[in-house]
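Chain lettering (A, B and C) follows the sequence in which the chains are written, and residue indices restart at 1 in each chain.
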């Protein structure tokens, strides 16, 4: 009897241990990450959607009301909305063009010279990315001042700041010089991983360097280019840090105001002290929905299953 | 048994000691005050509070009140948007500062939101407040109650560069009498435009530097709209008003100024430093600013080339002209006010501190140091400063912004119009429609379009 | 490319021209910080320590430099530590353990990795307020760690996948706990990965602007980015002093760059996102 009971108990403990191994241990390892992701990713997604259905603003903060889709209707009646959409498209499009173009140029050029030089150049292009954004913007502000103070002013002989005169050029260049290194590094490692035989074969065929690049390298870079483009489209769509610091959306009310900046300002920043959280949340909600849909889509395109893989687990 | 009693006795003694201890020690109350310039010289908005705390503490000590005040907080020199964001977020986080300084129209917005406290009951306790210029109380009144203590006031003049006018061929007498001609309504906005156009054509100033106005949103646009005959508030109905006709005149003037290369099409570049740099480099003919700019220029921008002397030699000032001959010129005052937050746990003490701050010597110190105008009648008589003496007549023509919680949205809409017209993205006519539509969209039936 | 083009020296020249703006920028920062007035890249007038007075006085109502400096050190240090620890725990679990919902979790991590977190800022403000963490360094730290976790987990999972399983297996058979294996065997082997993620997190947190700018209001809790921005947005922009502040703020980054640019190049190539 006693033996049987002990065996049964041990079996129970054994099952419990197995259960613990299967559930509790992973749970313990995952708990901190899960809590943070739930708190600051999942809850905010829901909160953004909920907030967008209220009329919360400075005046109504204490007693917000549900207004249904009123914020969205209000948003689409904004006569300035087309302008903001256009700005957003311009910002994303031009910056992307610069990022990918410059990234590709730098990758191709820096892999076509002695590795020492190539590494040096690539390292220097990392600087804008690792510099604190506020310091990076200070350098832009200083260099673009009017004559006789700023270098650009002196070179162009302009008596206005270049940021004021050419806000779009400045924004695209400032963002682009930060973003170009992303593509540059990805393209470089793609080029490096190409089989040397391809290049020797091309050389034997008497191809010039340019022909080799066009016929051999570029086709092989198709996927990396697509990846960089896709990835940066999404992050550019929602980024506004450098615009905020460089032009604050100006000159004027909307010259360089993009969707995400407008949402931020509506919700959190207004000279006259009246901010509209609900409305800002509605604009942000649009971005959130786009973000979720597009990132899921990307995973499908960039082969989700291959990325996941099976874990290496112990055989009990 | 004995043992237990002993424990009880010790416990009781400890309890009594603990209870008595705070009564014997000084209690320190921390008051938090947030203040803002953003102009650097206005730092007295905070340092005056610090000075007042010292005086208050001395009196508290003498009275044996057992309380000492400790002041925390800061003076912000960045911009209004981030400052107001900080204040707003603090109000909403439920742990706001006890005292907040901001422009007077915000008393209406924040009172409506329930963030600040009405002060009517506390004001009569302190005789200091009886000395405050009467009209300033109107600026902090909303729905019949007073929500703030006036901190300073100012005027927003039209400055002109005397040196450039002279280069343009004006005689000394013509230059000296310009303010008078403006106040009499003989020199109008049209004449500003004509003169500046001439200066640009004769290359006295570079293209676009005939007239400068502020680079960011601000109450000044309301002032200029008014100077073209616009109404913004109907006291009878308590509603905001938008006068299409006046806005059209204002927008057409802006358009003409841009077309004539008098005004830059991207004047609203958001950057004050570029405004001040160009103006104090002596490159701009007419420029709208505030009295406090004078102190900024003196202490920061032209400190190296003569300060006040340079300014008096080169710059003149007048109220903003009217749009039609014989009309009355205008300036706008935007008094600053200290407000007490509704969540403050030390309202009476905060109020007493404000009474100690609202005294002639501190008032004068701030006025002279930052080129604002004083709030006390006594101070106005005491001040010897040349600029303040010469500029204070502008107050005869001064106006305030109306007390309406939706005023910020009204101003936002007007600013959008100005911005679009200057950039050449819409015609003045279209801009008026846009602004009217935007006001109706944002404020609804609380604005009357006329 | 394995074969150098015949005129590769010409390409070096092209690269130099393309890279010139970056070098110019650094040069401008150095010159402007050390000289009174700089026009273009030309110092006008002498050098002085006037630009550096923020080191010993508090400028224009700002807190003294040590406060934002300390806050930034705490912020970057704690963010990097938490990120590395939490991400490697989660990355290890995903790489080495079978549990229900593993695929879903990994899918979520990948989606979030691409998802632009800035768009959640407005809602995050609300959540911090509810948690009572608004306007606290801790609050911003947690947000920053959370927003970078998807990337960190993904990276660390990759590193653990790469490690040989046999050693860990042997330890498990010897009766060591999962936690022990993770802590004493897997983590030491993944040291290069920890260092890479740590460096990346440190740099990213050190430069972080928009989160503290939005979620912190008291100047006692300013980070260097906010301190610096307060100069940038002021009406009187003293470029000399701003450049000096910028040099102090960027010093750790510049030093790291000078000493370890090859290393930086490697970790940024190693799949860390931009």
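By definition in this document, contacts are C-beta pairs under 8 Å (C-beta built on N, C-alpha and C of every residue); 3 or more make two chains touch, one makes a residue touch a chain.
These numbers come from a predicted model, not from an experiment.
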>> Taking contact as defined at the start, I'd like the list of chains shared as neighbours by chain A and chain C.
In response: B
>> Looking only at C-beta pair counts, which chain-chain interface has the most contacts?
In response: A-C
>> Just the number, please: Cα centre separation of chain A and chain C in whole Å.
In response: 15
> Between chain A and chain B, what is the gap in Å from one C-alpha centre to the other?
Replying inline: 39
> Could you say which residues in chain B touch two or more other chains, in rising order?
Replying inline: 79, 82, 85, 87, 89, 92
> Could you say which residues in chain A touch two or more other chains, in rising order?
Replying inline: 149, 268
>> Going by the contact rule already set, what residues in chain C reach two or more other chains?
In response: 125, 229, 237
> Which of the residues in chain B end up touching chain C in this complex?
Replying inline: 38-40, 43, 46, 74-79, 82, 85-87, 89-90, 92-93, 95, 272-273, 276, 296, 300-301
> Which positions of chain A touch chain C when the two form their complex?
Replying inline: 21-23, 25-30, 32-34, 36-37, 39-41, 43-45, 47-48, 51, 102, 105-106, 109-114, 117, 119, 121-143, 145, 148-151, 153-154, 177-179, 181-182, 185-186, 188-189, 191, 196, 199-200, 203, 209, 212, 217, 231-232, 234-235, 237-241, 244-245, 260, 263-264, 267-268, 277, 280-281, 284, 287-288, 291-292, 294-296, 298-299, 304, 307-309, 311-314
>> Could you list, by residue number, the parts of chain C that touch chain B in their complex?
In response: 60-63, 125, 129, 134-135, 213, 217, 219, 229-230, 233-237
>> If we count contacts the way the header does, which residues on chain C are in touch with chain A in the complex?
In response: 1-6, 8-9, 11-12, 14-16, 18-19, 21-26, 28-29, 32, 39-41, 85-87, 89-90, 92-100, 102-103, 105-108, 110-127, 131, 142-143, 145-147, 149-150, 153, 161, 165, 169, 172, 178-179, 182, 203, 206-207, 209-210, 214, 224-225, 228-229, 232, 237, 239, 242-243, 246, 249-250, 253, 256-257, 261-262, 264-265, 268-269, 273-274
> Tell me, which parts of chain B touch chain A in their complex?
Replying inline: 79-82, 84-85, 87-89, 91-92, 102, 105-106, 109-110, 112-114, 206, 208-209, 215-218, 264, 266-271, 274, 277-278, 283, 405-409, 411-412, 415-416, 419-420, 422-423, 425, 434, 437-438, 441
